[in-house]
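Several structures are given next for inspection.
There are two complexes below, and they share subunit A, which is joined by subunit B in the first and by subunit C in the second.
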Partner chain A sequence: MKRTAATKESFFQAFTRGDAGVKLTALFWGAGCLVRRQTGKGLLLLLEQTVLLLCVLLTLPFLRKLPTLGTVQAERIWDPVARRNVWNDYDNSFLILLFGVICLLLIGLYLLKTLQMVKAARQAEQTAAVGGQLPTLRQDAGRLLHQDFHRTLLFLPVAGVTLVMAIPLLVMILIAFTNYDRSHLVPTNLFTWVGLDNFRLLTSLANSSAFAYAFPRVLGWTLLWAVSATLSCYFGGILMAMLVNHRRTVAKPFWRTCFMVAMAVPQFVSLLLVRNLFADVGIINTLCKQWGVTDWLYRIGAIPTAGVIPFLTHPSWARPMILLINFWVGVPYQMLIATGVLINIPRELTEAARIDGANALQVFRRITLPYILHITGPSLISGMVANVNNFNVIWLLSRDVYVTTDQQLAAAGATEVDLLVTWLYRLTQDQSNYKMASVIGLLVFLVCSALTLVTFSRITGRGREEAFQ
Partner chain B sequence: MKRFAALLLCLTVLGGCSKDAAENPAAVPLRVWVGDQADIPWMEQVLREFRAAHPDRSYDIRIGVQNEGDAAKVVLTDVEAAADVFTFADDQLNSLLIGGALMPVTEGADAVRSANTPESVEAATGPDGQLYAYPATADNGYFLFYNSALISPADATTLEGLLDRAAQNGKKVAFPMTNAWYLYSFFRGAGLQMQLREDGVTNRCTWNATDAPIPGVKVLEALLKLAAHPGFVDADSDAFVAGLKDGSIIAGVSGTWNAAVAAQAWGDDYAAAKLPTYQAADQAVQMASFSGFKLVGVNAYSEHVGDAMDLAAFMTAHDAQVDRFRLRRQGPSNIAALSDPQIQAEPAIAAIIAQAPYADVQRVGPKYWDAAAALGKIIVSGNPDNQDLQTLLDNCVAGITAPADQ
Partner chain C sequence: MKRRALLPGILHHGLLLILAALWLTPILWLVLTSFGVDEGPNLRTFFPQALTLRHYRELLSSSGSVSSFPAWFTNTLIVAVFTCLLSTVSVLSTAYAMSFLRFRGRKVLMKAAVLLNLFPGFLGMIAVYFILREAGLTNTLAGLVIVYSGGAAVDYLIAKGFFDTVSRSLREAAWLEGANEWIVFRRIILPLARPIVVYTVISSFLYPWMDFVYASIIMSSGIAMDKTVALGLFSLVDKVNRNRYFAQFCAGGVIVSMPISVLFIIMQKFYVEGITGGSVKG
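What follows is the complex of A and B.
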């Protein structure tokens, strides 16, 4: 299509300067096209508009109830003759929230489309005014396979992301501002907006909310965990890779395979197995007792109760143990990545360093480590974020095993080894406390994005992109 | 790819639905959830009899498995999509009522009330006095197991006796102290209360009472002493089973779910009894307990409530309960079934009947569990920070009685 005489105009300009066809387009999308004898396209646009409007109309009743999230409580009348329940036309707060949000999005989409339509109609008017050729429907369709192929390709992903990611996410975020919990479960009960009350529960020190006590503690451990778990696995992996790849190491493929096998076993299996090994009545405890390790630890005061090493049941033992077990689970993966990077370090660099008289440690510090850091920096960040949300390790190792002795933590349903994400899971699954879970979910998101931004800017910042090129 | 799979799934589901409806348009579709895979043969037998008893109606009944322990959680996640008839543990009655998931027994409630033990009927009754479920079993509580080769029945009547005998033999008596469900036993036995309030979610608790005949501190002192006894071990169900198998545990508190293991480990020496007494404030206190019942509920949102009630009543009637005992060793709540000598000869069931006078129906709000478990853990750890006992109890009670959703 020739874009003759098409100066950039805003919607307002396009609307006021345009002819009747353009003005009518604001009401009926196809009007502009129909005026300019693009009948097929005009009808298609009208059809699109009708479908969109129908969707809006269908969801409009929900939007109308969105401010209150419903007022009609479910009521049941037993019909003894037909032997069934007759229900009133009750409101379902959750559906109102969901379809209300969808309706808002549809309205937004409709308005956006209208702006585009008016502008396009004005453009067509200008093109026609200078005697330009307007595209036929076939040409427009053809564009979708050529100039506008990116739209064709992106249509499904965008639609999918909106449907399965954006809308649910938006609804989940909104739940943080409602009182959706055990006492307000749909469809029998209604829930409603409560503003920032839930956030006050987490942060306010004035009230004696258990959440306000638990939140900073759980957050602190989450951050400590994320940093130590990521760094320990990372450097452990590099170290292992260097050991395996050392020139004096024999049977390298064998060692590599060993670690591969450890990685190939699903975490669920290995973690549950390890949990049983380290249980208070597990085999490690039995062995330690037989060998006198338990008694010795008790004598030096490392364990609080005689006879049992509380590997996974006492805070001062469970936290390091969980870090250690995570190290064991996570190192093989990091080792494989580091191996790939190590193989690709240019030999000249290390050889030159050796010739200059650098020892192994200096080579590692000045060449190997910066090189690896540069290449795997982004994966270090994603590892950190993944560890903030590392549900598996914590949950599988502490579920049904770890009981806190901190009475205030217990009152909030948390333990010393809980991450924000496992705490959130407990709240939703065990207590149906969706509102607080949503609040914590929001905060987890904030923590993750802050971590990503800070570390990413530090690693790739200051022109280091070019460092090894 | 995911979307494509989802689309495919939707289509299959839709296809599946339309096909079912076409198959037999007159059949009443019902879904029933039993608690365990092993219950399915029993349920199938019940269904055969149910169909035979209703020759004039045609049913399309599907059996699903949903553990009774978290049935409420699953049902309440989407009541409208949950099964028409489901089995659940009686402690979830209140959550289900608040979620509006249970259909009151509107037909034949008096027959259900008179056929089952009063305790089981109480467990199935809501705060408004209506019957909301059909009692199915009455064996979900806990009691004492012991090895009669090492412990005499007389020793088994006091916790001190049990612990001393265990210590003399270098063995252990297991009690799941860090499990709030069992910890209740000591405090309730001493006359202290922990109950659900009328709102159905928050608790009332007097464990920190100072003016009671046996004050809370005295109970806590006794518990700390018990937990420090060389014959005592805090053991969850897994540890109990492990101890039974390797012979290190010679007595313990648990429920019917471990009866088979105990019977196998101890053979003819397997014995069961009501819970023992323990010494607090210089008197012998009979340990109380939570009774436990499995109940069958009808989903109030079911399209076929009438047929669902027929099925629920049938699968909890006398014959079905006797079959349940024969096939699954689960103790009946039906009075007539309980009088069966074969059922009474079962040690676990006899122990439950003996414990019944000291057992309470479990009505507990959600804030109880973690707060009480923390106290249990402190007891087992021997009060490591040497905190004031009254403070410990006050904190625990504050946690137990906290508003449910904060």
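What follows is the complex of A and C.
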């Protein structure tokens, strides 16, 4: 603890009060260390600085083109030397955007590191001035396993998340403000900044854009889906858990396994299977026809064409069917969680209520349900967020099966059963409409943030974290 | 007393039986179709006319342009092993750092993780695809491993929640014995946190087997040998192949479902153990 004898100073104080070594550190990171004969550390810092600066220099040409996202269109030109057509030295808007952003981040990182270096150098100066011992390189390395252990632990995760999630997301968010779509595909074409035009496309009613028509419909279904899918599975799971764990039930593990098998089969197997089960030319349709169900449904006007129940192909059937199939997939999972909670309900509570003359329904309403809600209630909100992003169920059930007859929806690349996320996927994979996909991605973010704002304070809020410690 | 309880008991188990039948019928159909004689979906009857092992034989020896199950299985297994290693290390390190260590920037990182989780995952994946393409990593298993394990750390909250319940006094006692933070993590906390370690290992191992979206973006070449199990089986039931390969799809479904569901059920057991008590409390 001797080392921290120095008082805390801001960067400017450290820089102005520090000696030549400290001042030089602002230019050459290792300078302070070299002056104080920490040669190994000094050289390492210099190496780190060189690498970082090299990266900045490599990406700088992209940063310079970032304001325009490139001006040189790709074309084939005659090369008199090679005697054939070759591609010119064209700009790639996407790479300019990507590496421009990376360059900006690197510059920010460089400045931040420089501030830290100068402050550290000043502290070392002060420690040396009062005759303190400066740590050797070996001691510094040792700190990485104790005082600085978080650096060791977090290096891989932070690097991974930054490269695979944060930077790509940042780039995709920026694409919402460009015209990157089918007619501006890289590398043969350029795209450029368009400000808020894409957002206007979603909202304006004047220019009768297909997106303005599709957006409220898809958003409405997404919210309806999120709420009903979450609630149905949640309460279905609780009821099923109570049924299976009832004291009358014989062979509880057997029943539990029965339901869990359906959940444990990977979704792409079970959902693709169910979709064939319920196909227009599928076994359920055959059976319904044999049993006369199809004819009866046609007579009461529940199906539009005779002979076929359009389980997954007609809007008024597909939506409830998808919810039902999701119920089938999701209930066992909730049952499992509710079982864990149910087992932990203090028996005295229910016993006492029974002795006081409460019947089964009253015990459920007054004790069991409030107890489960108290413990798993917050998971309802995260469950809704998960369902807003529930790509698998909708995608696997509707891809290649559900075709919309609504021309305006089709023009926007959406269908009646699409969630915002599956719409986003369709836009990128089928239509290469990256700009609108990006706009919709931002909207999904807004919906999820609104839902999470409640739980957010719970996760990082004061008090709760230390409650068990 | 006994007579009165008989009727509710029968009704009770009758209801359970109906529900179990509802939940198991599609699975039964999967198994039946995989052993049935029809190549496509059997549209006439629920039960197949005759049974055969042909589809399993064809599937397991397939290496064609449509079906090449052995290659899919190997691909997915390789990706799953490496993803499992990298993701587990990422998740557990992050969870330990956030739960036990106090350092500058901790809250900022935690908030950043919450924020990142609010975006739909494959919005960023589109950019990742272009980055991997520049690096020549699309349609490679390495690319998939990067995609699956790179962002794994943002899902550290379950493990952190478990670590939060582990007593702090153990750690301080170990310090007095001269152990550093690394030894505490490795020798004391990880063994205590066995349920959550097992949960993390299994869930990250299973991810590549279950994922369909990311694989479809990164492995977009359409070459059968490049696919993962999920992508491959999906291609067997698309519009073109369904009538020829549906039974093989079912056979493949049965084959991958067995190990996966066993692992899945083990994982759920540890998960429930991890979140609902039974854990180490100080």
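Convention: the second predicted complex is superposed on the first by the 438 of 469 C-alpha atoms of A that agree within 3 Å, B and C clash if a C-alpha of one lies under 4 Å from a C-alpha of the other, contacts with A are read in each partner's own complex, and residues count from 1 in each chain.
Here, a residue touches a chain if its C-beta (ideal position, glycine included) is under 8 Å from a C-beta of that chain, and two chains touch if they have at least 3 such contacts.
Quantities reported herein were computed from a predicted structural model and do not represent experimental measurements.
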Q. Per the overlay, which chain contacts more subunit A residues, subunit B or subunit C?
A. C
Q.
After the superposition on A, what does A:T305 contact: first (subunit B), second (subunit C), both or neither?
A. first
Q.
Looking at A:N359, would you say it contacts subunit B, subunit C, both, or neither? Reply first, second, both or neither.
A. neither
**Q.** Touching partner for A:D400 - first (subunit B), second (subunit C), both, neither
**A.** both
Q | Touching partner for A:V281 - first (subunit B), second (subunit C), both, neither | A | both
Q.
By the touch definition at the top of the document, which applies to A:L153: first (subunit B), second (subunit C), both, or neither?
A. second
Q: Would you check which partner chain A:Q431 touches, where first means subunit B only, second means subunit C only, and both and neither mean what they say?
A: first
Q. Of the two partner chains, subunit B (first) and subunit C (second), which one does A:R83 touch, if any: first, second, both, or neither?
A. first
Q: Show which residues of subunit A both subunit B and subunit C reach, each in its own complex.
A: 156, 160, 163-164, 279, 281, 400, 429
(Q) Using the touch definition from the top, list the residues of subunit A that touch subunit B in their complex. (A) 74, 76, 78, 80, 82-85, 156, 160, 163-164, 179, 181-183, 185, 187-189, 201, 209-211, 279-281, 304-305, 314, 400, 403-411, 413, 429-433, 435-436
Q. What does subunit A use to touch subunit C in their complex?
A. 94-95, 98, 142, 145-147, 149-150, 152-154, 156-158, 160-161, 163-169, 171-172, 240, 243-244, 246, 248-250, 255, 257-270, 272-274, 276-277, 279, 281-283, 286-287, 328, 332, 336-337, 339-341, 343-344, 385, 389, 391-392, 395-396, 400, 420-421, 424-425, 428-429, 434, 437-438, 441, 444-445, 448-449, 452, 456, 459-460, 465, 468-469
Q.
List the residues on subunit C that touch subunit A in their complex, please.
A. 5, 8-9, 12-13, 15-16, 19-20, 22-24, 26-27, 29-30, 41-46, 86, 89-91, 93-94, 96-97, 101, 103, 106-107, 109-114, 116, 118-128, 130-131, 134, 146-147, 149-154, 156-157, 164-165, 167-168, 180-182, 185, 209-210, 212-213, 216-217, 230, 233-234, 237-239, 242, 246, 249-250, 253, 256-257, 260-262, 264-265, 268, 272, 275-277, 281-282
Q. Mind pulling up the subunit B residues that touch subunit A in the complex?
A. 2-3, 6, 73, 76, 79-80, 95, 98-101, 103, 106-107, 178, 201, 235-236, 238-239, 242-243, 300-307, 309, 366-367, 370-371, 373-378, 380-382, 384, 392, 395-396, 398-399, 402, 404-406
